[in-house]
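Structures follow.
One chain, chain A, links the two complexes that follow: it is found with chain B in the first and with chain C in the second.
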Partner chain A sequence: MAEKFSVIGKSIPAKETKIKATGECKYVDDLPTDLHVKILRSPYPHAMIKNIDVSAAEKLDGVEAVITYKDVPNRLMPRGCARALYILDPHLRHVGDEVAAVAAISESIAEDALTLIKVDYEVLPAVFDPEEAAKPDAPKIYPEGNVYGPQYEPLHEKGINAPTLLEWGDINKGFSEADVIVEDTFEVGPQIHAAVEPHICITSWVGDELTVWTANQVPYEVREGLAYVFEMPESKVRVLSPFIGGGFGGKYLNRYHAICALLSKQSGGKKTKIRFTREEEQTNSKRFLSKQYIKIGAKKDGTLTAIYFKGYADLGGYGNFFGNSGFWGEYPAAAYKVNNSRFEGWDVHTNHFTSQPMRSVQVPATVFSVESVIDQVAKKLNMDPTEFRLMNMPQTGDVMPPLPYTANTVGYPRAELEGYPSKKLMKLVKDELGWDKKWKGWGRPVEENGTKKRGIGIVYSGYEGGFCHDGFMSMAASMNKDGSINIMAGTQDLGNSSNMTMCQLAAEFMGIPLEDVNIFTGDTSIGQYDYFGARASRELTTGGHLLLKALEEIKQKVRIIAAPRLGVKPEEVEIKGKMAYVRTKAETDALKEAIPFAELITSSITAGASGEPGSVFPETAPGKKVRNSMVAGIEVEVDTETGEVKLLNMVTANCPGKAINPEVVKGQYQGATIMSLGYALWEDFVYDENKRAYLTDSFTDYRVPRAQDVPPLKTIVLEETPDRPPHEGTPYGAQGVGELGCWSGPAVVASAIYNALGKRMQKSPMTAEKVLELIKEGENK
Partner chain B sequence: MEAVSSKIVNILVNGNNYEVTVASNDTLLTVLRDKLGLTGTKFGCGNGECGACTVLIDGEAVNSCLVLALNCEGKEIQTIEGLASSNGDLHPIQQAFVDNFAIQCGFCTPGIIMSTKSLLEKNQNPTEYEIREAVNGNICRCTGYENIVKAVSAAAETLRGK
Partner chain C sequence: MSYPHVITKTIKEFKLISPTTIEEALYALNEYKTDTRIIAGGTDLVPLMKHRAVTPKYVVSIEKLKELDYVRLVGDQLRIGALTKINTIKNSDVIMKNCYSLYEASLVFATPQIRNVATIGGNICRSSPSADTVPSLLVFNAQVKLVNQKGERIIPLEQFFTGPGLNVADSDLLTEIIIPIEKGEYGTAFHKISRNTSDLAKVNCAVKVSISHEKFSDVKVALGAVSDRPIRAKNVEKLLIDKKINAENIEKASEMVINDINPITDVRSTEIYRKEISKVLVKRMLNLAVERAQK
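Right, the complex of A and B next:
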């Protein structure tokens, strides 16, 4: 039913890439300011401020304002799905926690002023391991204990610490039916977001109105949080986030916004700017570090019977967004046709800096551990890893347990997968990698050359990224008298061309040229809303869906106006190419009698759309769910003398549903895949407890992938589009694509290392040092 | 909190002469951004690790955050603002980055384009290895470098054809 599209399905560079290439594009750091802020940070991982004296700092020439916990409102600043916090707090919960802040006429004066602040600390015992921190006798970072999850607040009040629990089927029955059971444990380090643009914010007050310029994924969260903490209506807070120099889950509302706004207020409203140093940036936010226990059972014929998962994730001192995530560990298991599963996700505060989601939340770590055990089960059954996965993976049309977001639910409805060609993806990767030729059996290298051994691995997973929380977002569109369209978007463009993609959707849907569509975003004064912002790959899917709903309403308004003129009922009127005509007539006749908009309307026509209030995970169609599927394969060479892992060749196959802008889609997969290789191999996080210092606070010590690090990468994109109207469910069947590529790195590298060495990595990142340790250990799983 | 001395420095930036009063601890990056208003050159780390502040000094790509402005007397400096022609046409390198989807968030882009310019002025037909080597000092967290390599290659081809 190949429908012809005019605008979607075409690779078109985003409009703003031109000004990004010329340097004309103004990021927040490029805007003027009056004052600069520096923050005094805690030298201790856990301490209480006993005394603080800022009088000398206040007297320094050029200093305009100094704040400590004594100066902040006695109100907890709310954040989206995260612990509320005071702007400054005498209880310090990690090295680098905010102690005081100074605004001065230059950065160097502000830095000098920090050295004049005298602080007496009471040092408290600290805890860094999330499993240790979950124990009742661990140092308490919060009075009620360290295990966190908003839905457990009633339990906390009773003094009960509990994990987030997600389960379906009967886990005990599942294991009793198994012929083969494998258990293993894993430790996965954090990953630092490490955007090239540091966190940044400029604030100013005019009268009682606050304006904030910040590179932020969720401007509406910033507005809500600041309005609440400063006790002002949201209508008087304007947040602008025109361009973001990389986010990846790192740029949400945080204390620095409120610190900046308070200092600005105290200096008479002057423009006041905070820009993190690289050292601050590298010790500000991270993906969780975690410990995971996995147990998987299968029958002799290879049928999976049960997957059990227990994980401890470190939230750091505060955590941000979905501390109650249940670890998001269910995704890798929900990727298999298994009737019995149980997840215990312990989200636990530690004295590290904040953990928050990073590109596909915690899924890359859980894919690493679940796929590592899936491999071990297949080995025990003496099955080829690809055959074992093919046997157990669902595909389009299969009815699967949807992900249960309510703790302890049983008997939730099941849904049919759409746009999930997993088996085709597996075949594509196998062929491209030359699997059948290269696979020599479990733990057997593809090739050995002296101390160098080559190994090959393939992994698979599924994730529900994209179509979510439509009840927490709004999109609006306005059709001008000339038929051109302005989009007023709640969505936020992270640099992933979501604005261009949105314009393509509108142009296609309205049958007008792309040039006639313009989009306005990144400014809360647009009057739209998005509580969750640019997260969860939902801009195109959820935002695009709401946009098409708004545009459909505009069409409907025009149909009602045009129907009497055309002498037909509104439902017989077709809207396309800035004209209204009769749908039921032969097109040539219809177009002859078509009425141009200019003759129909005397004002612009505006419509907005949001999901049902509170709507969280809407179905794409009755009984249907979108889920993303991906298969990745890699060939590596391990140097058994040094432990170094050289990446020889990587292949990924991904399904985006409908690719609205194919090169943009591919670019998302590529970028995410390389980011996941950094996570797998080089991005090591080191905290020295004796020095009380993060040793990986620079791009030299924390190595993100560089151009020479990455292997030859083949990115296969396989479209599969459901047959339904474009505005019902995800737009034109498109799926979220931003996070998909991020799952594969640790899992696929570990699998290939196993096949090279016959030994399995249980720790990630798999730095040369850790691989060498494994080589020397001599254990064989 | 020692007082810093200042001095007048003459520099040629994108073909224009500037006489700038600089403090002894001012970097070239600070002078370009704060005193000359050339904000296309970005601050990413301040430690010479990320390459977002790359400019050309006498044709060589350098991290401007590591160069003291005092040492730039009489130097010829090219920044991203000096590439496009005055009628607004993009330089072939810039055009290649746009056409090859080598720009996502764009924050690293000016620096990578300047590293590319330095490469292509010396080597009109670089291999993939040479391209990756030339931009290895520039961190891009978004693209995975695939399309950047493509863009540099395409730009080289365009420039060779000129």
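Right, the complex of A and C next:
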């Protein structure tokens, strides 16, 4: 489209950027409180509380309320977790699980009070490996078994162990047609979200009304959960989430909201605050630890014939979100043209703390495993790995096979890909990295210098980001008499400038200056319900789509008002720049007769939009499908004496459809890519079973990347927009951009290490210890 | 350490004493003895207090004892005041010229923010096995001056440490580090292997070699994070002294470091890895120090 835009496509800083930089911005922790909460946590990974005595804690001066499992409502809090939860439970399922909680006039007194609580525990056997935990004789974390069955068929409730299964074509036939078959196993550790702002909330009761201030990605989920557990109408609960210091998939409804609200209630409604310490934050939620078994078949000419995938993911004690990693299985089908595929995704509870999504569900693990095997298949076929991928990757216009849609998988009907220039992305990365000059063949270093060997790798990923569940969100917009717009959003800005992006969309669509658009979000009293909240990059895709639908309705209302005055039919009226004029005339003539809004309307015009109940496929024209695509390339240097991996240069190419705010888009890609490099190399998660301790509960020992660790990183943004009206499908063809950057880290680093050493890493993070062990192993893979 | 039953982040109440003279500081240390902790930069002490790993009733701040903040060359001795910040060491020409490995350690010591606050005296008195300044001080045969109300004593730094977080100081204030500087040709080198930037060491290593007639006239090798305290690798040293400088001798001697160290597996690394890279580090630092000595 050659259309010229005046507001979108420009890198405009978010309105709150300045106050965030100066510290004027008030986060939840800046708000006043009367009481402070501290939580007594389980010292055992699996235990039952036999006796608990809080009398001494209650008597301590300054303590206002103490709660244990005996004090909580007999109602299971829905949502937020895979398993419904009591606010407190005598059955403790991980080290750090909540045992009791105290509200006091200072944090220090609350901490002192915790030391006075006496607990007798019955220690139970624990299990930490998801594959072990899936076995029938494993210690039972839930009476009905540890396997969390497919959500669309919750077999776990009946005690039936079953994986989430996705199958199409005929997997056996696929392998029988293959000339080359490679199978291998892979493991990834958990990754901690490590948001700068720890989990926090303040609760207070006035009469029978509960107010919650929290840093949260899904305020409506918090409202729904608390209203249910306290047996009150949702209308009596108000949840505000003013600013969030990073979420990354870690900030949903959680027990601590309910603990805080109950303590607040018991202390007469006083403002009560919980703020996690860094140690609590680092042992509260994580991306899944998982194991993957992959088998891929291809013909001599390079055509893929079958992909088999089996994975075990640890949900931890509770498991947040839908409680599963089922989405991961979909990846190969989405990423490669293959007609025969089978997935088994086992989601299993363990005695680790809870797993949650983190910039997508388990995609980085899947990309790591599948791309590693794709590499091995290419090697067996003696094909350049980039050429092999080019041959098998779908691109814009290709028709994807239908995938079964289930409640826990984003399936889709047979659909033509839109905004998926995968092959162009591959070529861009190859050129930028100098692949054709540097690639020396399989397992052969680009360069050798004493003990140092350099290797390059390129991987590709394509998956869903920017889910369009328009049936689960609503947006409202109001046009004022002066033509300015107020947006009442169900979505939430979690610090990624989605509010600014939304304002840019509105300004562009209405043809008005950006200053004339305001957005209201992060408060359930706005009343635009949003089931999923700010996750899966749906703020822009779903929220933006609904916003433009609402604005289109406003335009239509104005057209109807203006049409008789202009003497034309409504469809001939153009709305732009706070005026209505006749579209069919030459613009200069039309503008002479244009009617300003001020003369047309005498009140605000309001419209709301939501999809059909349960609707999930509005993102594009019927029969089409938007997907995110990304190609990443890296050059590394491995020190063969120490196992250290130095990152020399990295290139990624990504397609955002339309980049509404290019710097925001780039920032999302880069931030996610850096996160994934941390996941690949340094972010080791260490639980010591003997000490019953998570040793990586601080930034001292959980090593997120520092600025100096990041290699020169070129981020190529390739736009590809469809030819359709902006309000039909994703807005202006924009795609979600928060996730795809983080998919490639482990895969691309492993690929480059392979080409440096001729040996393949099968466990991530690839710490120097593991790389040195691989070097010393001596056997070629 | 098992998982803390209660995760504390608030500091237990304590009395802060801020002496303006060394005498006042010594008085306080003598008066309150084991209930007392000295605070300089506080980068180690404050986190320990927040976790209530230490709960002193009195904290003696030596911040006002500005007379302990100096780097000076006195005759053939380099003297560093205990209150000298790591950043001062990083920016000191005298240290860069005479004690290059200590300068190298200051470059990779934690983060700029910590370097601006943390002191060399604090790094020594924390007595962490992985302290980044210590291996360099050990290879220079540094001594430390300990002062208490009864008087002062000067002891070799090597004798200061008694275990992880433990040292011989009782009611003493460590006031000065004394580094003898020799006249002849010598070269030093320091390197730390860590998980990523700004991290604590998996292993750190400093080497000082003196050369005469193409032979090692003296060799000092020290390592951190491979024992319960920073250590000298005397088996390596012995094998090299008076030997010809060549790759074979260096390689052979480096292997011997295995007899000097006793590493553990912890959150940062493993025993096996630490043993492997100790050999590599010693070899590389010896080669680098020789190269520098020959320049």
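Brief remarks follow.
The definition used in the following text is that the second predicted complex is superposed on the first by the 749 of 781 C-alpha atoms of A that agree within 3 Å, B and C clash if a C-alpha of one lies under 4 Å from a C-alpha of the other, contacts with A are read in each partner's own complex, and residues count from 1 in each chain.
Simple rule for what comes next: a residue touches a chain if its C-beta (ideal position, glycine included) is under 8 Å from a C-beta of that chain, and two chains touch if they have at least 3 such contacts.
None of these values were measured; they are calculated from a predicted model.
Contacts of A:310 after superposition on the shared chain: neither chain B nor chain C is touched.
Within the superposed three-chain model, A:682 lies in touch with chain C and out of touch with chain B [touch as defined at top].
Of the two partner chains, chain C is the only one that A:767 touches; chain B does not reach it. When the two structures are aligned on the shared chain, A:705 is found in touch with chain B and with chain C.
Greater residue coverage of chain A by touch, when chain B is weighed against chain C, goes to B.
Look at A:277: by the touch rule set out above, it reaches both chain B and chain C. In the superposition on chain A, contact is made by A:644 with chain C only, not with chain B. Of the two partner chains placed around the shared chain by superposition, neither chain B nor chain C is touched by A:454. Of the residues of chain A, those at positions 108, 115, 277, 700, 705-708 touch chain B in one of the two structures and chain C in the other. Within the complex, the chain C residues that touch chain A are 1-10, 12, 193, 195-200, 202, 266-270, 272-273, 276-277, 280.
Across the interface of their complex, chain A is touched by residues 1, 25, 33, 38-47, 49-50, 52, 79-81, 83-84, 90, 94-95, 97-99, 101, 103-110, 113, 131-133, 135-149 of chain B. Put simply, chain A touches chain C in their complex at residues 38, 40-41, 43, 95-96, 106-108, 111, 114-115, 277, 279-280, 641-644, 681-682, 684, 686, 691-696, 700-701, 703, 705-709, 767-769, 772.
Of all residues in chain A, only 11, 13-14, 16-18, 20-27, 29-30, 108, 112, 115, 194-198, 243-248, 275, 277-278, 494-497, 663-664, 666-667, 670-675, 698-700, 704-708, 710, 713, 715 touch chain B in the complex they form.
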